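Please read through the structure below; I'll follow up with questions.
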Amino acid sequence: MSKVMTTRDAVARFVPDGASVVMEGFTHLIPFAVGHELIRQRRRHLTLIRLTPDLLFDQMIAAGCARKLIFSWAGNPGVGSLYAFRRAVEQGRPRSLELEEYSHFGLALRLQAGAANLPFLPTRNFAGSDLPRVNPNILPVTCPFTGQSLWAVPALHPDVAILHAQRADEQGNTQVWGLTGVLKEAAFAARCVVVTVEEIVSSDLIRRDPNRTLVPGFRVDAVVEEPFGAHPSYVQGYYDRDNDFYRRWEGISRTEEDLQGYLDTWVYGVSGRREYVERLGETAQRLRAASVLCEPVNYGY
Amino acid sequence: MSKVMTTRDAVARFVPDGASVVMEGFTHLIPFAVGHELIRQRRRHLTLIRLTPDLLFDQMIAAGCARKLIFSWAGNPGVGSLYAFRRAVEQGRPRSLELEEYSHFGLALRLQAGAANLPFLPTRNFAGSDLPRVNPNILPVTCPFTGQSLWAVPALHPDVAILHAQRADEQGNTQVWGLTGVLKEAAFAARCVVVTVEEIVSSDLIRRDPNRTLVPGFRVDAVVEEPFGAHPSYVQGYYDRDNDFYRRWEGISRTEEDLQGYLDTWVYGVSGRREYVERLGETAQRLRAASVLCEPVNYGY
Amino acid sequence: MGDYTAREIMVTAAAQMLQDGQTVFVGIGIPNLAVNLARRTRCPNLVLIYESGAIGARPARLPISIGDPALVAGADGVCSMPEVFQYCLQRGFIEVGFLGGAQIDRFGNLNTTVIGDYLKPKVRLPGSGGACEIAVLARKVIVVIPHSRRAFPERVDFITSPGFLGGGAERARLGLPGGGPDAVITDLGVLRFDQETREMVLASLHPGVTLDAVRAQTGWPLRAASPLGVTQPPSAEELRVLRGELAPSPDLA
Amino acid sequence: MGDYTAREIMVTAAAQMLQDGQTVFVGIGIPNLAVNLARRTRCPNLVLIYESGAIGARPARLPISIGDPALVAGADGVCSMPEVFQYCLQRGFIEVGFLGGAQIDRFGNLNTTVIGDYLKPKVRLPGSGGACEIAVLARKVIVVIPHSRRAFPERVDFITSPGFLGGGAERARLGLPGGGPDAVITDLGVLRFDQETREMVLASLHPGVTLDAVRAQTGWPLRAASPLGVTQPPSAEELRVLRGELAPSPDLA
């Protein structure tokens, strides 16, 4: 039961216009390859879900893919603004963007509630913040034991979760190390799951270290081998974050024209991730990870 | 800031009479070395907490350590009964035992609520079961979004969590592979944490594979190197479960005399785990794990 | 009966209820044998999930407990128990859950808690373990339990794991997410549940067993389907696997 | 000022508020520098926790983001984000959390969401990220923010991260678990909070800065402690580390 397919086919099959799509990875493992394919296939009216919209959603917003954004921090970390996001919110360009806003904890909890199939989860967060005032999805709940008032958020069940990972086997058993963010919660909360990986590996390799499996195969609908699929984000053990590109985005995204020029060259102007990586040329070489191996552990008994 | 000490000192310092003590490990990693030390130090009036009381609590109940048991499945898996537990419940011998009973999910959720410092957590479980009828700690809660009625359990904050693991460094950064059960939840729910390990290793070894760390050092109060500290339970990669002993327990525990004889020889009759392992002799050799190593992964960037 | 034991036909009858590719929550004892038999014969892509957290287990030896190290080595993955219960079971991903028990009643409610009064029990049983949540949350449940009048009372002393409760629509009315018991496999036959009343109905007799023999071991006037089937006996292949690879290991003999 | 920049004294003033062995929740920018400076000087046993899930991080290079791979390599451990927020922060294990913001008001409430009206913002800021939960749940909070009239209004446009709200006992009355803001470090001085009214009070001036200069950049009549202290300037050792190991890496120049 191989689930292997191309990014193009996975997007065509699992992400229709109007879908709600969670694309996770906290700084690490951001699924840019799939984001660019969504732009190329001119997907429209998407509800985009990410804790940190990042350059990925800035590009998708500029390309007109998004109707609504569910998020908790919209900036270019350590650099500045996401200008396409700001143009959409402040000026309605290229179109207006509906916002549904949480803190990281709040949005992570919505995904956790979704993964657990609970209609809500409680938190001690939010008291005193204006966030519940502007978001009707943050409501009070009373503890049945203590009578204490807490806040609650509802489950989130995106139509699709799109994740990038280090490796998976053909059945979709997906292994991740380094930061895991809310990847597991996103995968279990969603109705279907598309995983792109740096390498498709043998099931034997996966099964020799089952504790590294973050998402089991029964939860995965499509697996795509897409090396460098997270660039300009990073993959621990494979390549570093392209911090230089993140810094240059501040300039690129400032005007609609420059951003469009970027999309023309790097998204519409390539057929897929392989051509994108070729165009990156020696930048890709420069970002290659050093080898810092851990020690193997024994699973014998 | 080394936290290394002996089992004797850790028990003397962190487990007073009357304490509530969670000793976790689901089949895997059951902390028998500390359990035996608690018996030797004649701890009394403990509230013992485990999903599966297992032979460990059967011995502690027989030795008179327990006032109350919080649990979800009290049997000898695949073999039969825990007779000391049954004598206490059915005949009040050697003393009566207060029971507070959940399902695995319910008790795991109490520990998760404790770890998250929430007064309660909701679940779709329990509807139609008689468990809420006999346990006032399972109460209905209403979802503030859907109006749906669910069940809830309150947080559990044991005074001490006692865990066994494969390895830790001197600061208590504790790594586990194989089954992890509710070890993490128990560690974060408790007020203090005692960890025994097969090996105290260098911090460097730990830090070369940070994703294997289940409990970070800041959560740990005492670290003890106690090889074979989980026997007759098992440690993945170190030694197999002593299934033969589990089967023999059916006979040993059937009468108070035989059980007392066991305690005299194997608990009161040894000064600590080292002597216990010596007495095990070639059984310990027979249980040694085969070498089935995983592949190392790269943490470079 | 033929050239097999009552235990063996319970195992094969349970194994035959599985379909390849299903996600199955496995308990110890006969369910464990049944699922591992099915995986080695008709259903190589069965996903075995144990409440201990082993996901996609492929035990190289027959596990004596659901926390056996052989369930981890070679598995697809490992989850914490809160994740297994919430992300797998409560999320609705478990297609089949197996249960056993000391008592089952005519509406499929199971007791593994006490015989007698809860506060003054005649016999204290192990309790729920993961049974209550499997009964409430799995998409469907298969029960494996030897037939006896003591095990099949009109009403169980304690509902550890709800079946159809008082019958009819009561389970649905209480909003239990899972579908409830689908079949009960005993050493005498296979029972199903009436779609309306949710009462247990004998669906098939094991070869050589009579309806009267089953009724004599059942604590209420048991209905029987008509026509009443005969359970398919273990195949030679099934017996070969059961007595070979799945035989208890020497240290468990 | 002496032989250091305004940014450098902000970093060292923040670093000096930490005690060895504390568990600290770290953000990007100046807090990141301050914590890594403290770890390399007075506080080798500081436990650095990043909302990204890195626990006990020892970054070999200055991380540009809180999800940098250098935070994982060599760390004590890695958690998922739900675990960081629930098991670390909500559980009360974070002793010090750092926050910044676009605006802070006289009771230490912070805004990182919008300038102007929420639905028709003049400037759309990034939003909360982890700030709201740090403000609510950390045992104490240290704020680092450059001083300007725009950044220090009488009232913030939006309370992303609650400080003492309307002042007095309001924070305690609402049941916020964390202790709230303990200090505010700006490029002009260090401010603390009155234990009764919870109003921000100037505690020390950076060397060479006047009280009038601070008041001119503050949007309400700012009270000053008496005697008014002088912030300890960066030491030679601190400057050496800041300009050496903690200088931005070449690709960030």
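Chains: A, B, C and D, in written order; residue numbering restarts at 1 for each.
Here is the rule we go by: contacts are C-beta pairs under 8 Å (C-beta built on N, C-alpha and C of every residue); 3 or more make two chains touch, one makes a residue touch a chain.
Values in this document were obtained by computation on a predicted structure and should not be read as measured data.
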For this session: By the contact definition above, name the pair with the higher C-beta contact count: B-C or A-C.
Result: B-C
Seminar exercise, completed: Cα centroid separation, subunit B vs subunit C, in Å, comes to 28
Problem set entry | Euclidean distance of C-alpha centroids - subunit A vs subunit C, Å | 40
For this session: Could you give the separation in Å between the centres of subunit C and subunit D, each centre being the mean of its C-alpha atoms?
Result: 57
Exercise. If you average the CA atoms of subunit A and of subunit B, how far apart do the two points sit, in angstrom?
Worked result: 37
Exercise. Out of subunit C, which residues touch more than one other chain, so two or more?
Worked result: 54, 69, 72-73, 78, 90, 177
Problem set entry | Contacts with two or more other chains, residues of subunit A listed in rising order | 117-118, 123-124, 148, 177-178, 180, 184, 208, 211, 234, 236, 240-241, 292, 299-301
Exercise. Which chain pairs here would you call touching?
Worked result: A-B, A-C, A-D, B-C, B-D
Exercise. In their shared complex, at which residues does subunit B touch subunit C?
Worked result: 26-28, 51-52, 71-75, 77-78, 81, 85-86, 89-90, 101-106, 108-109, 112, 123-131, 134, 148-149, 177-182, 184-185, 234, 236, 240-241, 243-244, 246-247, 289, 292
Exercise. Can you list the subunit C residues touching subunit B in their complex?
Worked result: 28-29, 51-54, 64-69, 71-73, 78, 80-82, 85, 89-90, 113, 118-119, 121-133, 135-137, 158-162, 165, 170-171, 174-177, 251-252
Seminar exercise, completed: subunit A partner, complex, touching residues on subunit B are 117-124, 137, 139-141, 143-146, 148, 150, 152, 154, 166, 177-178, 180, 205, 208-209, 211-212, 234, 236-241, 289-301
Exercise. Which residues of subunit A touch subunit C in their complex?
Worked result: 1, 115-118, 171, 173, 184, 188, 203, 206-208, 210-211, 213-214, 216-219, 299-301
Problem set entry | Residues on subunit C engaged by subunit A in the complex (per definition of touch) | 21, 23, 45, 47, 54-56, 58, 69-70, 72-79, 83, 86-87, 90-93, 177
